[in-house]
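Chain lettering (A, B and C) follows the sequence in which the chains are written, and residue indices restart at 1 in each chain.
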Amino acid sequence: MKQEEKLLQEEMICQGHSACPGCGAALAVRYLTRAIGPNLAIALTASCWSIIAASPPLATLKCPVLHCPFPSAGAVGSGLRHGLNARGMYDTTVVILAGDGGTFDIGLQAMSGAAQRNEDVIFVCYDNEAYMNTGMQTSSATPFGARTNTAPYPLFKVGQKKDIMQIMASHGIPYAATATVAYPGDLEQKIRTARDIRGFRFIHILCPCPPGWGTEAADTILLSRLAVTSGAFPLYEVRDGCRWKLNRIEGIKKSLLKDYLIRQRRFKDIDRDRLRILQEEVDRDWEFLIEKERLSDRDDHQD
Amino acid sequence: MSYEFISGSQAAALAVQRVGVDLVAAYPITPQTAIVETLASFDALGSLGADFVSVESEYSALACCNGAAAAGARVFTATASHGLAYMHEMIHWCSGARLPIVMVNVNRCIGAPWCLDPDQGDSLSQRDTGWMQLYCSGAQEVFDTVLQAYRLSEELLLPCMVVFDGFYISHTYEAVDVPDPEKVREFIGPPAFEAQVRALTQLNIHGIVSGEQYHELVRRRHLAMMQAFGEFETINEHFNDLFGRCYGVIDAYIPAGADTVVLAAGAVAETVNWLLPVIEPVGLIKLKMFRPFPAVEICSLLEDNNIGKVIVIDRNCSVGAGGIFARELKAGLYNMKKKPEIYDLILAGGIDLDEKLLAVMLEKVATGKADHLEWGRWIY
Amino acid sequence: MTLISINNTPGYSCGSEAVSVIKTGEWRFVTPVKIDGLSPCRQDCPLGSSIPNWLDAVKRDDWAGAWEILSKTNPFPALTGHVCFNPCTINCNRRQIDQEIDIPGLEKAIGRWREKNYRPLNKKKPARGKVAVVGAGPAGLSCAYYLNKAGYELTVYEKSASIGGVPALGIPRYRLPEEVVRREAEMLREDGVSFVLNSALGRDFTLEDLYGVHDRIFLAIGAWVPRKAQIPGEEADGVRAALEFLENCNRNAVKNVKGMVVVIGGGNAAIDSARSALRLPDVSGVTLLYRRSREEMPADQREVAAAEEEGVNLIFNAAPREIKVNEGRACSIDFNHSRSAAGELVVDPKQKGSLECDTIITALGHEPDYTALGVMKTPGVVLAGGDLTGGPANVPEAIRTGRVAAEAIIGQLEGVSGQDPEKISNKAVTFEQLNLAAAGVLQKCGRQEDPRQEAERCLGCGSCNSCGVCYTFCPDLAVNTMNGRFELNLDYCKGCGICVTECPARALLMEGGRRW
């Protein structure tokens, strides 16, 4: 842990931004921009960060941020990369920053196109599992069983959370990884790994949202940690769409799933059936990942 | 002069190649596909000099252009009809973003139902988005206009749409003077507009503003676009010096003693131009610049020539309101002391204007039997 | 709002001024506060030292800061580092990971720093008052240190020729090098404390003599009168009391201690005597007799284990009955089996034993010499501390009484009511309460050679140990860093409370109003 004053200078976000107290997304962007450094250009699509980025004449991020419309993140980011190259700025990293809506739903097409073209950008999805900027409406990143303002009590989100990592892996991109804010070292390491690879890179960051999840602002890191230790949000990397690697964190206990859910009012009154379905989903996804990792090991060793 | 026997689409592609762009975002749609294919063939020959990106939708095509232009690159894309409609949000955005993007739109009907014929409703329904719109009547004009569009948009930092009719212009061939690249470079050099995205700088570009700020930004955009008239004239003087051709925001032929003129844009204007000897003493106002709308120029022309009747050819129809060119004209003439009668001939669906149809319309107008709104296939 | 940013650009929205002009701290209605909680080490320390606080200072390489914190309760870290039995380490929460923090080692390091960086106190004239201290042991020296620092003129009267009390005269050199106390004495001298040696209360001066000259008197004459075993043969040659023996060892003036040595007693003095005897050239073996069990020994168990390892023969449940004398010199000692039963000592007359020996050392405890005190006319003027006043007889306890007396004297003479001790919790932070998940992966690294790295192993336990977790997890960057310390920046803190939840040491609390 470094102990010098220059710590604050290394940060790429400014104090005074308008994120909610305890905002996971603020931390995610803080870590990822810090890991990349100042030579960075961000294409930012409609999401909470569109507001957190501040209102001109003010700015929250210390690098250029190009706001763009909701569905366009993948395409504007691609164009930005080409444009910077045309002007000789090859060293400026282009990061596309989108929420779960701008990645899983309305932005899926443009992201898929950019991934298929293997555009040289890092696409970062900061995922708070609903359309939070507009007041907590369902997205395809909302987990099964959660309540939102478009699926209010007694309704709940039907349908599993989209497995965006599988989708990105099937594009065969050079690098995809999951991360979350309770493990900043892991997150920054993955960002740095991504920064040094050419081609389309995808990072999926889970960001707890206190107002949206119905949690205490003080519990954001605790929840993010529980998401990992309960197995609900595994941390792993996929290279070239075919080599899967789990980043093992000690103490993954499936029994913690209930602890994870019980702190979130969006899962309030979740009944036993729904809990069972969620647990099965978590277990199934883990088995899938372990199997994928095993196959990747086998393939590596066959070389 | 060095002539090539090319189609309107090929002319557009050649112009883009001569200008020298950094990025072409390509998505196919009839009837513009040949534009992107021709550019691809240049890329294959190594003579394009730009990144040719096959995107996955028209929206992404314009979004890709947006991102590149923000970094200071010169860009191009082409679309039509449904593609243009699909990118509607992005079209607004590019104007507000003050980006010098040039896009060709080849007119085609928008469904439902499917129809490939050239209706101008697609480009006209984007008239409120803050793009300049220049209409072309032939392949040479397409070539020249694309060149001029880059100068115009980079000068005013507003995007510009170059529009021409599908099939009538895109797929017909004529002899087009295609100047050498060096000559074109005299007219327009490499992109010199300031990049919005500058590395290692704290910039919050297009961040959220209040209504007050938006009001001011719209005002500035409007004022900027109103400079297009003067700018276009300057550009065409230079163009004339170099290439011996020029265009005006409107071009008119009004014979002495004329009481009636036809106002048209696009291919139909060329048709009427051809028929001028036959329809004497009816004149022609060819509308080239639609946005900004040259109301002042048109009013002066009508007043100076004491025109009593204007027949507007509308290859479009804004359902519930009528032909769009006619409406725009009426709005533009509102403050004239003595306003001419305005007759709106609707040729929506790309209906061909032949000699007979024009004659019938002129007859009805002359004898006072014309309705103010006439439908091209119901006029008989 | 004026459109400053778009005046120079071709009319699009663009911001370039940092958003930090907005003080988001104003949005807050609850505030996190750094606390100084109670750690197990601090709870167990006889001096009540803020141990995690000075460990944090050492970690940050702020030795001056560490000295300042430590000297508030302990002015002689070099001394305590050597001789304190370190109750602080027994419940150290770090034990649950690898090994307790080497607090005594770090105290010695601070002591070394203090010596190397010592500057004499810049004493203000005139002195605020005059105080006499009788007895130059840890209690007396501690009282002198605090009063001297507060601006008083100190005179310390000492019966012997040495300064240091039991540490100088009674603690063996293998436990406490000679120069430690000598250096402390030198520093006190240079700070302006006067010493009058070879001057015994009762013999060379009385309390009356002191009254007239000094505003206050602090008595710390210790307990030097050895308790007798009260068994036959105790007066023979070869039988001596522990403190006298140890004093002779320290002065290299031991005479006639040879052959088989038997030590009677179970306290620290007994163990010290046994281990010291073992080091004498003429001694062939050492046996220690204690009348109760090993677990009941008042001596520090680590010392007992060390004695055993060195070869001292330990015999428990043995109550001496008689010392057999041959030609005036002790030659053997008879004992009976004894044990504790319901707090009483039960001696079994039938089970006996005997040990041949040449020397017997009795370590049965010491009493103060009350007769030296004389008659005290005005009790309010005299305070007392250290072994004289009973209670736990160890060096840190003595130092504590000296400080308490100094504070009382200052309070009396200056009319200020004593500062209320900081209100801290009554319950020490347990290992389970710490939030170690937030501290990341804690290496099971064990003891570190480098003092800063060793201090870094401290978990804080209720006090900030500058780990920086609050800085890492603050979404608003509302934590300032300076010289390795972390302080909350209330200009920007929105009161989310992540820092409070995540602080590994539990050194933050939420205060004020309603939570979200």
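One rule holds in what follows: a residue touches a chain if its C-beta (ideal position, glycine included) is under 8 Å from a C-beta of that chain, and two chains touch if they have at least 3 such contacts.
Bear in mind the structure is a predicted one, so any value in this text is a computation, not a measurement.
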* **Of B-C and A-C, pair with higher C-beta contact tally** => A-C
* To do: Find me the chain with the mean Cα position closest to the mean of all the protein Cα atoms on display.
  => A
* **Distance between chain centroids, defined by C-alpha means - chain A, chain B (Å)** => 43
* To do: Indicate the whole-number Å distance between the mean C-alpha point of chain A and the mean C-alpha point of chain C.
  => 52
* Structure fact -> Between the Cα centroids of chain B and chain C the separation in whole angstrom comes to 90
* **chain A, residues touching no fewer than two other chains** => 54-56, 58-60, 62
* Which residues does chain B have that touch at least 2 chains other than itself? -> 196, 201-210, 213
* Asked: Counting only residues that touch at least 2 other chains, which ones in chain C make the list?
  -> 3, 6, 13-16, 18
* Structure fact -> chain B partner, complex, touching residues on chain C are 1, 3, 6, 10-16, 18
* **Touching residues (chain side chain A, partner chain C) in the complex** => 1-5, 7-8, 11, 13-19, 21-24, 26-27, 30, 54-60, 62, 181, 184-185, 210, 216-222, 225
* Structure fact -> chain B residues touching chain A in their complex are 22-23, 25, 51, 53-57, 59-61, 63-73, 75, 89-90, 93, 195-210, 213
* Asked: Which positions of chain A touch chain B when the two form their complex?
  -> 38-39, 41, 43, 50-51, 53-56, 58-69, 71-72, 74-87, 89, 92, 109-110, 112-113, 116-117
* Contact footprint of chain C on chain B as seen in their complex -> 96-98, 157, 194, 196, 201-210, 212-213, 216-217, 220-221, 224
